[in-house]
Structure formats: C-alpha cells, structure tokens
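One structure below.
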Amino acid sequence: MKKYLLKRLLTGLLTIIIAFVINFLIINLAPGDPIKTLMGKETDDPALRAALEEKYGLNKPLYIQFFSYLKTAMRGDLGTSIIYNRPVIDMIAEKLPATILLVFTSAVLSLIIGTAMGIVAARKEGTFIDVLFSGISYVLNSMPNFWLGLMLIIIFSSVLNILPTYGMTDARASYTGIAYVMDVIKHMILPITTLVLIEIPMYYRIAKSSVLQVTNEDFILTLRATGMDERKIFNKYIFRNAILPTVTIFGISLAYLITGVSLIETVFAWPGTGRLVLTAINQRDYPTLMGMYLIMSVSIAVVMILVDIVYAILDPRIRY
Amino acid sequence: MDDTILDIKNFNVTYVNKYKRVYAVKDASFSINKGDSLGLVGESGSGKSTLAMALLRLLPEKSTEISGSANFLGKDLVKLSEEELKKLRWNELSVVFQKSMNSLSPVHRIRTQVEDIYRVHHPKATKEEIADRFIYLLKLVNLSDRVYNLYPHELSGGMLQRVSIAISLINNPKLLIMDEATTALDVVTQGQILDEVVKMERELDMTRIMITHDMSVVATSCNKVAVMYAGEIMELGYVKDVLKNPLHPYTKGLMSSFPSLKGKKEKLQSISGFLPDLSKKYEGCIFAPRCNSAMDICNKKPPVIEMDNGRILKCHLYGGGM
Amino acid sequence: MIRTIVNDKQLLFGVLGLIFLLLVAAFAPIIAPQDPYYFGPDILNKVGENGHILGTNKMGQDIYSMIIYGIRTSLKVAVISAFISGILGMLIGGVAGYFGGRVDRVISEFINIFMMLPTFFLILLIIALFGNSIYNVMVVIGITTWPSNAKLMRAQALSLRERTFVKAATAMGESKLQILFKYIIPNGVFPVIANTTVGMSNAILTEAGLSFLGLGDPNIVSWGQMIYDGKAFLTSAWWIATFAGIAIVITVTIFYLLGDGLNHVMNPKHSRGKGV
C-alpha cells in the first residue's frame, strides 16, 4: 500500500511541475503583455516601459523569471497582480470559498442523484423508467453547460420570477446569520442545478453499466444459489463491487468542475475564482494567471491522488 | 426406496423468449441413491448444466419453463415454492460452479462471505462457530486455515476452487452438484481435487452429481454415468459397465474420441456433424443425423429400454422391435 | 453493412442524423432564407416576425440562417480537431503499445500526466494569448484531447502485438516501423474511430464554450458565438441564445448516437439481450 501511495504522490508532483512549466512558457511566450495594459492606450513611452519592466522583472531572461517565481511560490507568495497591485494569494483567497461552495455541492449532489438513477435503471432494466432515465441522461449530456444555465435563468428568473438571476447574495440587502445563509442558498439554486444536471449523465452511465455488469458475475449466481436474501446480496455484494468505478468518476468529475465552473460563474455572475481567471487572461495579468493555474493544477492533482487512495481502500486487488 | 436421494422423471427445461422456444432438456429421468456419484457427461450445449441449474431453480424465472418431477428426499423440487426451495438450497442441496476466478466477491474477504453464507441457514451462529466449521472443511480440501482471512485474488485457481467446494459443503448437504468444477484447472490440480472430493464424500456420507464433458473425470471419480446429447439422456448405467461396454452409438463415439495411453495406436474418431437446432421438435431419434448405425426406424422416437444391471438406453438398436 | 446499421437503433439514428447535417451544411445557401452575414434592417425581430422564422439579432442577422450556416462551422471544428486528436493519439498510443518496455512506461506516464492537466484552461490560455481564429481553436482542441485516443490505441497495440500475424511479420524481417503502420495501426484503429465521435462532440462543446467567453472567432458564424451574443439580450430577445443551444444539443446528440452505435457494432456483448 505504501509503495502505491508513494508512486501516486510522485506522479502528482510531476504533473504539477509539468503543468507549471507549460503554463509559464505559454504565458510568457505569447504576444501581448501586461505592461501595455498598465500603460494604457495612449502612452508608448519607452522609458516608462523600461521602468515598468524593471519593476516587475519582466526584462530578465525567461529561466531566471521561472526560478525566481518558483522560489517565491514555495514560500506561499504567489506574487503581486500587475493590474491590481494586490498579492495574488489574497485575491485568490477572497474568491476561492465561493467557487469551492459551488464545486463541492454540485459534485456531491450529482454523485448521489446520478448514481441513484443509474442503480434504479439497472435494476429495472428495459422498463419505462430505464428508458426515461437513459433518454434524459443522453440529452443532458449533449447540452453546453452555460447554455443550460441561460435557459434556466430565462425560465426561473425571467418568466417565473422565483429565483434570483445574478450574484451570490442580494447586493442591496445586508443579511446576517440565517437570513444570509438563506440568501446564499437561494442564489445557489440555479448555478448548482445547472452543474448537477450536466454532471448527472456521467454518474448515471457508469452506475448503470457497473451494476448490470456485477449482477451478471459468477459470484452473484453463487450467492443466489446459497439462498441468501436478494436484498442483502444487493446491498452488500453488488453495491460494494459496483461502486468502484463511481469513485474514479468522482475524481474526474471534480477535476472537470474545477475548470468548468468558470463558465457557470460567468453566466450567473458568481464571485468566484473562475471569473478571476477570465479577467486575468484578458488583461494579461501574468502573476494572477500563474497563481490560479498553479492552484488549479495542485487541486486536481490532490483530488486525483485522494480518489486513488479511496479506491485502493475499497478494492483490495489493487493494493499490490 | 429410502435410499434414494434424487429421482427425476420426465424432467423438461425450455427457454422461452419473444422469438422462439428452446428445448434444452427433454424427458430426462434418472435416480441416484445415497453415496452414489453420478457423472453427467455430454458436449457443450447438451443441456447438462441446464439440468443442474433447473433443479435448483437458478435459471431466470421469466424465461424458463420447467416440467416433470424431481423428487429430492421426498419433496418434489419442481413443485416447491420459492420459500421452501430456499430452505433446501445450500442446506441439503449444494452447487459448485466452474469459473473459479470470479466465484467469490473480490472485495470481501473469504471469511466475510463464508459467515454471510452460513448465516443464511443459521442466523444466530457466532463467528467462532463458523470459523471452526469452515477450517475443518478447509483441512478436508487440503488448505491451510490461513486462507480463511485472505481475499480471493490472493489465491490460485486451484485453491479458489477448493474454497468453493468447502463453501458448498458448509451445511453438510446430502447432495452436491459439481458443474464443470475442475474444467478450468490444469490436469494435475484436477486430479488432486478429484481425489480429495472422493475421499471427502466417504467421510461426509455425501452423494454427488458430477457435470463434465470429460469422460476421464467420470472414469476416475464416479460410479454411475448418464450420457446426454442435445438435451436428452441417451445412456445411463454404472461406470464400469458403460465404459467397458458402451452400447449407445453416441457413447461409443465419445469413448473413441479419447486417445488411450495403452494399446495400439488407433485413429481418433470424432463424431461428424453438428448439434441439432434445439428450438425444433424432432420426430425421431435426435442423434440419428449423426449416427453411424442409423436405420430407417430411427425416424420414429426411440424406446427407452431398461436393461439389467441398471442400464437404461434410448436407442432403436436395442429396442423391442429387433 | 446496411443491415448492421439498420439493426442497431442508435447507429441508425446517428448515421441518419449525420447525413442530415451534411446535407444541410452542403445546401446551406439554398436552404437559408438570408445570408447570415447580411446585417439587415430588421433588428431584434421576434420569432416569426417579418418572415424571420426564428427572429433576428441586434445586427439584423436572421437567426434561422445563422443556425444553418453554423452547421458548417461546427462540423469543421468537430472533424478537424478530432482528426488531429485521432492522429496524435494513434501514433503515440501505437508506439507505446507496440514497442513496449521502457518506451511504453515513459509514454504512459506522459499520457497520464497530460490527462491530469486542466486542459480547458490551457485552451483558454492559448486562444487568449495567441489569437482567436477558428483555426487556432481547432488545432488547440486537437492537441489537447489526444490522450483518450492514445490510451485506446495503446491497449489495442498491446493485444495485437501478441497475434500470430504480427509475430510472423517480425520473423519475416519486417522492421518495427513497418509493422506499426502496416498491421498494428490499421487493425487497432476501430475503437479509436468510435472514440473520435465523442471527441467531435466535445470539440463542438468546447468551441461553444470558448465563444461564449468571448474568445471565439467573431468573423465566422458559430452557435457558441450566437449564445455569447444572446447573453446580453437574455430577457429581451431570448431567441438569439436559445435556438443556437438547441442546435448544439441536437448535433452533439447525433455524434453520441453515432459513437454508441459504432461501439455496439464492435462489441456485440454491449448490446442488450442475453443469449441462451
């Protein structure tokens, strides 16, 4: 088990480093730079440019920039945003909770709902429920998530007017305590619904095929031959065996959400890190971009490692 | 006869789906006494596994029709309710299947599964009781008690098969059905396991049905043999008689398609032709199209002839009209 | 072959759908009532108003015509990115699976790492920094989505490697490269092709996402671009964003059906119905 852990950690570390390098190269090799944005459209004063470049260390050779960034990043200092002149870490820390709220809630909800649907469809294979669920799953799978969000806004905010359109809280009121929580929840409903609906098909497909596959395995036949109660067979033996692929999917789903949530944040004007990245891209705010990308790569790598560990706990076959 | 463990008469199993009916087992009849070991031999598709599964009603209910009678210890398996059948399953009547690698849940320890299985019929048994009982069985199949705490993937194919056999014996069944239980193993392991089974049988006073396509398995471990073809029992009798003197053309064909280690070098004969389509009903003898000794009368249903010495035959060659 | 297609419902609908898309794309100039680039006088017309079946947008473009022409864009994006992704995946996976040993280990690690990269943001980054022409989009999607194809090809190569005809070829002195291109890749390519349909669906969705973020190519008609335009008019002119999205859903569904159908044809045990 330990060797397995170690191997996963090393791979994760390697991934982060490579992602980092790729990211660094792309950002720095691309046309356009933040100095232009800082200087504004009018000026093109070479002296000003030289001064600014000196200030942000942008005139040093690439590899020096790379290592100096690495050094400071290790200390937890992700640099200062060129555009906003604030520590990147602070900017990210401000917005991260909002994103985490969306990501985790959707991940867990879609896991539960999608898997439950898949199990039901597997047990009632061929019936109307199965066909219905499969159809729904198919269509949901084909939707662009941001479009679904927009449609939901039209239906629930515009036409029915029962849910808020934008933001995480009602900017005009200043709620505290329970009222605040309720307000956030009200604002969360549409974005989370969008994310969950998009994620459900993945869980549904895997759960359904997994349950069907396990149910046809030989050991299930043996257990039936022993006269064991069908319910016990399902709850203990089929479930435990069929749930394994779902764990892997959970990891993939989280990874997808960490990146895909930015589109939803844009649709619903949710104050999270997704939008931070998008504005940083447009403004060529290198430090912020690097910082965000680093955080994302690290999160994904950590998630994958954790998922692999959980999988190893659940499946004794792969610990060796 | 009080000594009869299982007596099946006119046992039929038919698979039914939207498009057709498949007659997998037709009019099977045989009788087994206590201590017998019956070998049920036939090619793939001859219906032997179907027969065993149908006895225990392990086939999908919606698509299977079973008729006839299967008298087991005074009760007719065909007529029992699912509840009553559940009480018999694994208690008096047990099965060991073929594919050993997947015969146990891979994510649970053997101990866990044995406990769950034992508690089906003994809900209040303690862990110690179960462990004692099972380790005794493990010894019978030549396995160390260390196996009890392992996961299935930590065992070899032969060990897993032995574990499956031990599990099938946990409630001291009167009748054990082994369905191609040694087919997936190498010859050496197969031989060892068969020896262990025979020894065990004597010690536990058990009766066995051995389903196999391999005549040599029957020769070394059974006292009676039933030869099946396309769902029908062609010949039935004591092993020593049938092997020395096979009467039915199909049995003869089976015997001559196995090379013998001693004696002259002979050309191996295989039986030409293919298995008939089981979804059709046949007027005459179902083996006639492939039979070397087929006659005109074989287009009528062959009689079931009971000879002396417990030999039963379904063939016109030995029929009354000769 | 026709019978195989007709027998499998999903493959049937997938193929029919694909034919439909191709026909519409080809005959777009005839079917579309208006040139999609024509900035007409009818601004923000509602559905059905002034003969515009699906309304118009702020620039007077006819939504219905834009949707029809949008098929061309989507198909182009789908095919080219999937093509690039497929070729890369086949080569990398084929080499890994066939050559085995250390080569395989290194490449597999590489594939795993690549799969863990947050590709969407990588794509965003590249497009944002290197320009948002539609060709950039296609190439970038292609070079970031090859890992799944590589994995499939690798698995195929691993098993094909042991087949007699491959071993015979080796014994006859054919070079490894020859074997790779003559036997391994042609024989192992089928699951990759099925997977490519999924890649096509994803490419369409990704392009839509990029356009939605304003990183699309504004010079061409694309459904994602339409949704981006429609966002500002969500409550006042809902038809701009809605129909483009529906078009995406239909097209992506067709590709999924195609992929599922191809999978069924390759693995008959996937399809329903247990034999006796």
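When the chains are written out, they are named A, B and C in that same order, and each has its own residue count from 1.
As a working rule, a contact is a pair of C-beta atoms (placed from the backbone, for glycine too) under 8 Å apart; a residue touches a chain by one contact, two chains touch by 3 or more.
Everything quoted here is computed from the prediction, not taken from an experiment.
Engineer: Determine, using the mean of C-alpha atoms as each chain's centre, which chain is farthest from subunit A.
Structural biologist: B
Engineer: Given the contact rule stated at the top, which pair of chains has the most C-beta pairs in contact?
Structural biologist: Going pair by pair, the biggest contact count turns up for A-C.
Engineer: Approximately how many whole Å separate the CA-defined centres of subunit B and subunit C?
Structural biologist: Roughly 53 Å, centre to centre.
Engineer: Could you put a whole-Å number on the gap between the CA centroids of subunit A and subunit C?
Structural biologist: Taking the average C-alpha coordinate of subunit A and of subunit C, the gap between them is 22 Å.
Engineer: Counting only Cα atoms for the centres, state how far subunit A is from subunit B in Å.
Structural biologist: Averaging C-alpha atoms per chain gives centres 55 Å apart.
Engineer: List, in ascending order, every residue of subunit A touching at least 2 other chains.
Structural biologist: Where subunit A is concerned, no single residue meets two or more other chains.
Engineer: Using the touch rule from the top of the page, what residues of subunit C touch 2 or more other chains?
Structural biologist: Correct list: empty.
Engineer: Applying the document's contact rule, which stretches of subunit A touch subunit B when the two form their complex?
Structural biologist: Residues of subunit A touching subunit B: 217-219, 221-229, 232, 236-237, 240-241, 244, 314-317.
Engineer: Any idea which subunit B residues touch subunit A in the complex?
Structural biologist: Counting only subunit B, the residues touching subunit A are 56, 58, 86-87, 89-91, 94-95, 97, 99, 102-108, 113, 116-117, 120-121, 151, 153, 164, 167.
Engineer: Touching subunit C in the complex: which residues of subunit A?
Structural biologist: Per the touch definition, subunit A meets subunit C at residues 11-12, 14-15, 18-19, 22-23, 26-27, 30-32, 125-126, 138-139, 141-148, 150-151, 153-154, 158, 255, 258-260, 262-263, 266-267, 277-278, 281-282, 284, 289, 293, 296-297, 300-301, 304.
Engineer: Can you list the residues on subunit C that touch subunit A in the complex?
Structural biologist: 109, 112-113, 116-122, 124-126, 128-131, 201, 205, 208-209, 212-214, 224, 227, 230-231, 234-235, 238, 241-242, 244-245, 248-250, 252-253, 256, 272
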